[in-house]
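Heads up, the next two complexes both have chain A, just with different partners, chain B and then chain C.
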Partner chain A sequence: MNDKNIMESHMGTTAIKISARDVQVYYGDNYAIKDVSIDIEDKTVTAFIGPSGCGKSTFLRCLNRMNDTIDICKVTGSIRIDDEDIYDRRVDPVQLRAKVGMVFQKPNPFPKSIYDNVAYGPRIHGLAQNKADLDDIVESALRRGAIWNEVKDRLQSPGTGLSGGQQQRLCIARAVATEPEVLLMDEPCSALDPIATAQVEELIDELRQSFSVVIVTHSMQQAARVSQKTAFFHLGNMVEYGETGQIFTTPQDPRTESYITGRIG
Partner chain B sequence: MTDAIQKLEKKKSLLQLDARTRTRNAAETRFKAYGIIAIAFGLLMLAILVFNIVTRGAGAYQQTFIALEVELLAGKLDKKGNRNLDDIKKVSTFGYTPLLSNALEAKVAELGIETDLKAKKMVGILSKSAAAKVRDYVLNNPNKIGETVGFEFLASSRVDGYLKGRVSRDSIGNDKNISPAQLDLVDALKAEDSLAKHFNMSFITGSDASDARPEAAGMGTSMIGSFFMMLVVLVLALPIGVAASIYLEEFAPKNWITDIIEVNISNLAAVPSIVFGILGLAVFINYMHLPNSAPLVGGLVLTLMTLPTIIISTRASLKAVPPSIRDAALGVGASKMQSVFHHVLPLAAPGILTGTIIGLAQALGETAPLLLIGMVGFIASNPPDSIATGLLSPNSAMPAQIYEWAKRADPAFYERAWGGIIILLVFLVTMNTIAVILRRRFERRW
Partner chain C sequence: MSTTSLLVIAILILATLGYFLASKRAISTAGGDRRKLHSLPVYYGSNAAMFTAIPALGVLLIWLLAQPMLVERNVLSTIPDKLIPEGSSIGLVMSDVRRVADGLEVVISLGTMSQSETLRLDTEQTDIRALLAGVGAAIGSDVQPEVLEAAQNYRAQTKTGQLWMVLIIAPLALIGFALSVLAAKATFRARNTVERGILALLVLAASLAILTTIGIVFSMLFESINFFKLHPWTDFFFGGSWAPNFRGDSDLSILPLLWGTIYISIIALIVAVPVGLFAAIYLSEYAGPRVRAFAKPLLEILAGIPTIVYGLFALLTVGPALVRVFGRGEEGLLGLEWMSGATAVLTAGLVMGIMLIPFVSSLSDDIMNAVPQSLRDGSLGLGATPSETIRQVVLPAALPGIVGAVLLAASRAIGETMIVVLGAGAIAKFSANPLEAMTTITTRIVSQLTGDTDFASPETLVAFALGLTLFVLTLGLNVIALYIVRKYREQYD
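Moving on, here comes the complex of A and B:
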């Protein structure tokens, strides 16, 4: 981590990357997200915490319009990335998702080779001019995914043959290979053991240098370890949002306090 | 203190079964026994079926042949003597019969067999196809006229039946096609090894034959008919079915219209096949004026019948692909179509292929709709010379051919019906085996 980055985040001069205003999400009759407004900073890890079913994953999936794949889901309000409304009619979700990468709860590598897993995104977006280019992109993505050393000798073996932790880092590598600006992570460590979790957390901290990372987690310790900013969701409302240290030490809202002390959840 | 002792006495030993456990175990044992009985019953029925088919059908693959040296008399076949093919063609099969009777008479004399039969009657033990066989040979080799050529002729179906035990001297009382004297001749020829049963390839490759000569009938042409129908079904049903399923499963909005379509597809799968047959008759033949009895029409009708099967199995295999794969593709910025064609479809392919093969196997064995579009009946056409004639010229299909034989009076045809069923079953078992192998080979890889 370079000093400039630390300086920036401490001095609060980082730019706003994502700005959401009055976001409402309905799943059919179910009112899932109520009036959420939040500013997510660039080159920062922002954690969404909250009990199950509080809407944190739903809100995360609004940020790259993955909710579009669910027919009954309706989103209102505005979400702007780099001051462009991503729900504008002119925005193609496919282009948006190239800019806003996503890592899912369960490691979900394609049943293809490790190389093809990472190369798929760059291929469909035409990021590589030739095979050598693609090789470079794959290598750098796997390095950024902190998995290069483990797989460099078996790039052609299937991605599904890796261990859970390796698969998840492969998925992270796959997500960063398309050069996104924002990386969304939906409980990326919930299917992993503590050692793999530690590796992924370390990785998240490194990724912060290049991306704005938004992570949904059930583990408050994890939020405290990896994030600079934390948002607490409860029953579809965003209750509190602030510096991670402040949320965990001096929460303003009684609900936040109850949750982090284990009284609700 | 006493309480504690009583409690101790009440405690049950693990080494003894209590009444409840005993009843439960008994119920389980009974249930297993029912299952075994059901499976054993099924296997027994299967064994009976296979045994019946094989014992009754095997006869069709063995046919009685008589070897004869036929002198191709120039005086009879080419009276002008100029070997002009057009002139030779003028001699019909009737003109060849004397050659056969001469040959048979010579053979009988050579072997020293005594018989009261006139040469004309002797020929009755040969198949009516024998003369045609010589004629075909002469037309192909006109230069052989005047020479003596060895042939192997089919014996008539009565003679064949006599050797197979289907026909006996008692059973031919009023039969004009065979007499006891002819059977004596057959016995004598058999004793001299001039007449023998062996494998009959023409049953597999040949075409249907008229009522008078069941011994010459074969499955070949109807197999070609079935092949062209399956070609039509595969070319139409697979792409249409897969495209429809992909659209319904991956792209279509979930609303009442798609619900109705879904319900109707399931209903279509249960519609009796004869309904598709009458639909084909009304639409393809009466309205669109496609030719009667053509494999193209049969294929179209069977396509309609197979589509629901393919759609249902394709949708099931698309559904079986975990949503996480779709998410993963969308997550790296693939479009919906890319996620389907790059990731979902390849994973669903083995299931789709399995469903398609099973659908094809169903269509291959389907008879009822073919009855209505005229693909049943006496169709003894020659093998088609191009794909277009194969699709458009009248033909039969394997199950229709079997039905056609089974309803004819002569028991010799009945035997061929069973023989045809063996061929049909070999095809079906092969197709289903391929389906099973595909499923095994490409089992879920996630």
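Moving on, here comes the complex of A and C:
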């Protein structure tokens, strides 16, 4: 009980990073997200859990407007990051995505060298003054991706040649290199083995120092391990949102309880 | 009706009969219960039809190919050498023999003479030439007794051959029929046997294509060897000029033609690669599904236009338009005198480039679509624009495949004929001026082989050497292209 109070008071000091109100998403005729409102805190890991097809990935993709790349997808409602409406006309989705990085379900390194994979974002956004600068950015990103020691001797070999877990950490390093403020992770461990998963989870915990991390996961254990806040999605609705410990021990909604005890899925 | 067609009909009837008998027998051995059969009744029937018809028809086919050759060889050996006139060949005499023999068969079938009457014919008493002309078989000269004798011989042997053919093939069909109908019992694995038959058919089709290629190469190779016996290979490969004449001292070098071919192909690729590639980028990366569904087939219609139509387009539209721009002096658009005729390297190259656009765009489009969406998402997720994503992720990933597509297009350009026949001109020379007429390997092959040609002179045989060189060239390009494309395909698996 004491721990929880300390945690809550700690949480109370952190600012709201993302604030979504009445978000609706339609995929053509399919009503995918219904009335989702959520406040996501800075320097916190927020987990989205829920059964397949419940809309958690769709909602995640709203946060950096990746859904714009799908023609039939329509988003309404307001999503504000740092009190700026990201669906405002004046906001360039390309700029937004530099600020809100994303790591995907399947590791997707570009068919380039490890170095070029990480340098991709900084080069596009002109973050480096010169080659030495870029080298520093790449090194620090790879260090923060907890993969530097494994790849420092072969930065010029192709990123596709790494193992699955290394590829995913490379993708995280690649996302970190553009210095985003929010990091979105769409089931980042679902294609990885338990050891690689543990490494990535450890990494997520470290990344919390600098970013607001939002992670979609199918594994409730993973949500319990890495996140401070958890949101439960069901059939396009956000059913419950709160402290991770509270969601997993004393869920308020019967649907949440059914899900975490394995009765619906 | 000839013996052969009667035989074929008989075999087919027997096969049909076998089909029904076998399926009926299979059901009856299962006591009328289809579920006790190993295979569906249709398989027992097909199996019987297969074993009745295929061996018999196969042997028949081989027989029909082999018999005339054997008979001809036998008859040829009986023709005395003195029968061959000066400047003629044994082949011409043999074709006379064949015509007399066929003519006599027609005489019988029309009822002018009986079988035994034709066998008693004599050149002394009957004007055979007139007799045959009466039934529509024209013979070049009066029939000599030796030719008549050879023709009678030919007829006799053909007749014996046909008799044997029936005697061998009819029992073969009957044996196949009997065995397969008897085998049609409930436990017989008819389905597996029929499927093995289908497999054999597939293997046959595949090997036919390969064997044809090998056959083409060999026929070209033998004619090319004949050519190199008559003409020094050093002149062909390293000479500097192409000037065939029929007095016998021709310069037959491939190099000026190769230069024209390559020059025109390069211009074609300069046109086709950027346009095709940009079209592919638009279609695969930017166009919405509606535009794509409409534009892609439209672009591919270009690929369906016959090349002779492109040739006409070159000759009648593009060539004169270029002359208007670069030629005609004061009357022209630029006041230049650079271009005198409509046929030029540029004309052919431009039109060939247009022809290749759908080729490049369609292949590149497929290749870019094969780049996984996850790579695009990854790049967009890092804040790259769609254009940056295409330039830095999609194109590099698709590059090997695109190179393969360009090489395939190049090999088509090198082998293209009709556009250059009409658009490029006929002058073989080394020149860097794209407004001059030049000629290519393919157009020279056409011109060396059309018209009244003698297949023993180097001027004609050079066409085969040219063709073989072209074949090796395009084959090499295709192999490289396919190798690159295949290597790339494995990357995402």
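Just a few scattered comments:
The rule is simple: the second predicted complex is superposed on the first by the 255 of 265 C-alpha atoms of A that agree within 3 Å, B and C clash if a C-alpha of one lies under 4 Å from a C-alpha of the other, contacts with A are read in each partner's own complex, and residues count from 1 in each chain.
In the analysis below, a contact is a pair of C-beta atoms (placed from the backbone, for glycine too) under 8 Å apart; a residue touches a chain by one contact, two chains touch by 3 or more.
What you see is a predicted model, and the numbers here were worked out from it, not measured in a lab.
Look at chain A after the overlay: chain B and chain C clash there. Contacts of A:M102 after superposition: both chain B and chain C are touched. In the superposition on chain A, no contact is made by A:I147 with either chain B or chain C. By the touch criterion stated above, A:I18 is placed in contact with neither chain B nor chain C. In the superposed model, A:I137 makes contact with neither chain B nor chain C. Of the two partner chains placed around the shared chain by superposition, chain B and chain C are both touched by A:G121. By the document's definition of touching, neither partner reaches A:L63: not chain B, not chain C.
Residues 64, 66, 69, 71, 94-95, 97-98, 101-102, 104, 106, 108-111, 120-121, 124-125, 160, 171, 174-175, 178 of chain A touch chain B in one complex and chain C in the other. Chain A makes touch with chain C in their complex at residues 64, 66, 69, 71, 94-99, 101-102, 104, 106, 108-112, 120-121, 124-125, 160, 171, 174-175, 178. Note for the complex: chain B touches chain A at residues 253-254, 322, 324-335, 338, 342-343, 347, 445-446. By the touch criterion stated above, chain A contacts chain B in their complex at residues 64, 66, 69, 71, 94-95, 97-98, 101-104, 106, 108-111, 120-121, 124-125, 158, 160, 171, 174-175, 177-178.
Partner chain A is touched in their complex by these residues of chain C: 288-289, 372, 374-385, 388, 392-393, 396-397, 491.
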